[in-house]
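Shared between the two complexes below is chain A, which has chain B as its partner in the first and chain C in the second.
Right after this comes the complex of A and B.
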């Protein structure tokens, strides 16, 4: 299925929950309302024509100092979906604000989201509501802050941790 | 100087001479410097000429700790524990710029020099260091061992 048709299918099914769509260089993107993201992901996986059976990536972007985006929602959680039988892709985005950085978890839809969401929590401090194991993935428990946020100082040093007893 | 002190100083010298040619190293290899470490250890550069040809993969049987490669904050407690498990006398070699100063990993994840965790005797800079500079560092370490200079 061609990318424009994928976006048309999603728009026909979810209507106003798709706040924005765009395409650039053949990559089609839909910006989805936070409350509808799990339904959209389920639909993408289960619909026979879409058939997105793979969540190839789940990550986030911090738009704190991005030109033109300073006063919009600070974070964007990005889902990259791929369909092995149809060989097509789509990108879904959810915008979340700094005051309330919570997104419903995608683990029931794709188990691979477990570690990816833990990484996003670790690096950006975006919580995933309903996640079965919401610990840090890369950094250690004693780490303070979230390292990939744009306001994390590059020369900030964390206290060294001693051997666990 | 009496006869007794003459005898002990000569004994220390003999022990130092024996120790510097029987280095049992523990290679703590975490990153790409390990390749250069292997090149140095193998027959072409032949670290065995200096009596350091037998790495012991147990810290309890080693007396020189080679820290080879980037040490992250998450790895730091492990390195400290390995160092604590070694028996005295023990020496530490920081191999490559990452272990010496953190190198270009000036970021949230990397220890900025292992001397913030454990004492270091010889620093070998380079990214990675050439085998020649590794051998130079090893010979400097031998000089320290021979006179019994330690930092622990």
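Right after this comes the complex of A and C.
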């Protein structure tokens, strides 16, 4: 299935939950409402024609300093899906505000979301509602702040923490 | 009657009832088999791992944050340090992601160079993985043989890039320099040595009783679970899924070479070993075929057939003695970036917004000088249009993805690396739970954890 047809299928199924779509550089992308994301992911995985059986990547982008998006939702959580049998890809995005940075977890859909969501929490401070193990992934628990946020200065140093006793 | 548990087989029936046998074992990060950067906290029942918690992050060095500080090309040296055993693939994959964002295409010769160098890197990576994991099982000879073979290949890499590990050879829009002279002959020689080593290792390991006892049926993961965990590369092909980015979405020159995607069925450590061994042969095949098919460059000679000293040439240009300079086709060391205009043009895209002009043009003409400064000066440089792009290449461990976001500025707004060895590490606990502590070592070796890309 080509990218346009994938987006068409999603739009037909979810309608207004898809707030925006584009196909920049051949990467077909849909922006999905936060409330619908788990349903969309499940549908992508289970629908025979879509067959997205692999969550390639899950990450986030902080749009705080992006020209023209200073006021809009601050974060975007980005899902890259891949289908092994059909060999096609799609990118899904969820926009969340700074005041309420919570997204429902995708762990029940794909187990790899466990670590990827932990990394997003670690680096961006976006919480995943219902995550079974919401610890940091790369940094240590005592680390203050979220390093990949645009307002975290790159030269900030934090004391090294010794081994936990 | 209940089935005899593994524990009872090990300890005798009824042994150790109660909690006295249960211990918590913390392995690493200083444990040598954990490569110094992984900690596994395992709940043991006797010698059986009941539950494992894998902790990563000990080698985190803020790769993605660092990329946002410099220009688009400044991230290239950081990508060297992702998978430090096959850094060339990281370089090229990142450069290709930015090229996708810019909407430009690289030259044909550059595509072939990227293909050849990636395949040489893949062989290096597999050699290191198989060698190191068999050393951890006591086969030290194999390690020495394979490191010897890797040495031949690293010499090739050194010839091309000028460095062995921190190569920084890729550039957005091309590569640093053309291949050196006589490269094909050197590749043939190195591959001949590598093939001999592989044949020797096959005789030593494949079918070796001790090796098979440790590998067959150990660390297995089902096909469904492998896919659900997003595992790609040799581990996915070891469960019988023929997914390879090189054939699924052919990048660079992979659509013009013939090779097989090697698969196995069992998904255990032994299947992974067999996949890697067979893939090395396929990689060498690709590199040889690509070398044979690579579009030939023009032969650069001086008017009198002599090479010109690059330093003298540049000096002349600096003094303004540019008359006639641009007419001279010169023949210089390929390791001096951009000194050789014809070859430079051949491996780099002609897009002036992206690629530095050859030094000949920079020092020889005002347009070249301006072009150079427009790319180098603070606040200028490469400026991809605002937008986002995801590019996947087949790294040595699987799908190596770069997701880049641009705000139209001269610096990346966001660079995300999809590390191919993170999914297998996330699934590692599924592979080792229910098995013995000693089985952890070959399983951990077979997932080929590379700290640089795992922790970024």
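Quick note on the criterion: the second predicted complex is superposed on the first by the 164 of 165 C-alpha atoms of A that agree within 3 Å, B and C clash if a C-alpha of one lies under 4 Å from a C-alpha of the other, contacts with A are read in each partner's own complex, and residues count from 1 in each chain.
In this text, a contact is a pair of C-beta atoms (placed from the backbone, for glycine too) under 8 Å apart; a residue touches a chain by one contact, two chains touch by 3 or more.
Given the structure is predicted, the values throughout are model-derived calculations rather than measurements.
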Does chain B (first) or chain C (second) touch A:157, or do both, or does neither? first
Please determine whether it is chain B or chain C that touches the greater number of chain A residues. C
When the two structures are overlaid on chain A, which partner does A:114 contact: first (chain B), second (chain C), both, or neither? second
Looking at A:140, would you say it contacts chain B, chain C, both, or neither? Reply first, second, both or neither. both
Residues on chain A lying within both footprints (that of chain B and that of chain C): 139-140, 147, 152, 154
Which chain B residues qualify as touching chain A in the complex? 73-74, 76-78, 80-81, 84, 106-109, 111-112, 116-117
Touching chain C in the complex, chain A uses residues 24-27, 29, 53-57, 59, 61-62, 65-67, 78, 80, 82, 84, 87, 89, 91, 110-112, 114-116, 123, 136-140, 147-148, 152, 154
Going by the contact rule at the top, pick out the chain C residues touching chain A in the complex. 56-57, 60, 62, 64-66, 68-69, 100-101, 103, 225, 227-230, 232, 241, 243, 248-249, 386-390, 392, 399, 401, 403, 405, 407-408, 413-414, 416, 418, 422-423, 425-427, 455-456
Considering the complex alone, what residue numbers of chain A touch chain B? 139-140, 143, 147, 152, 154-158, 160-164
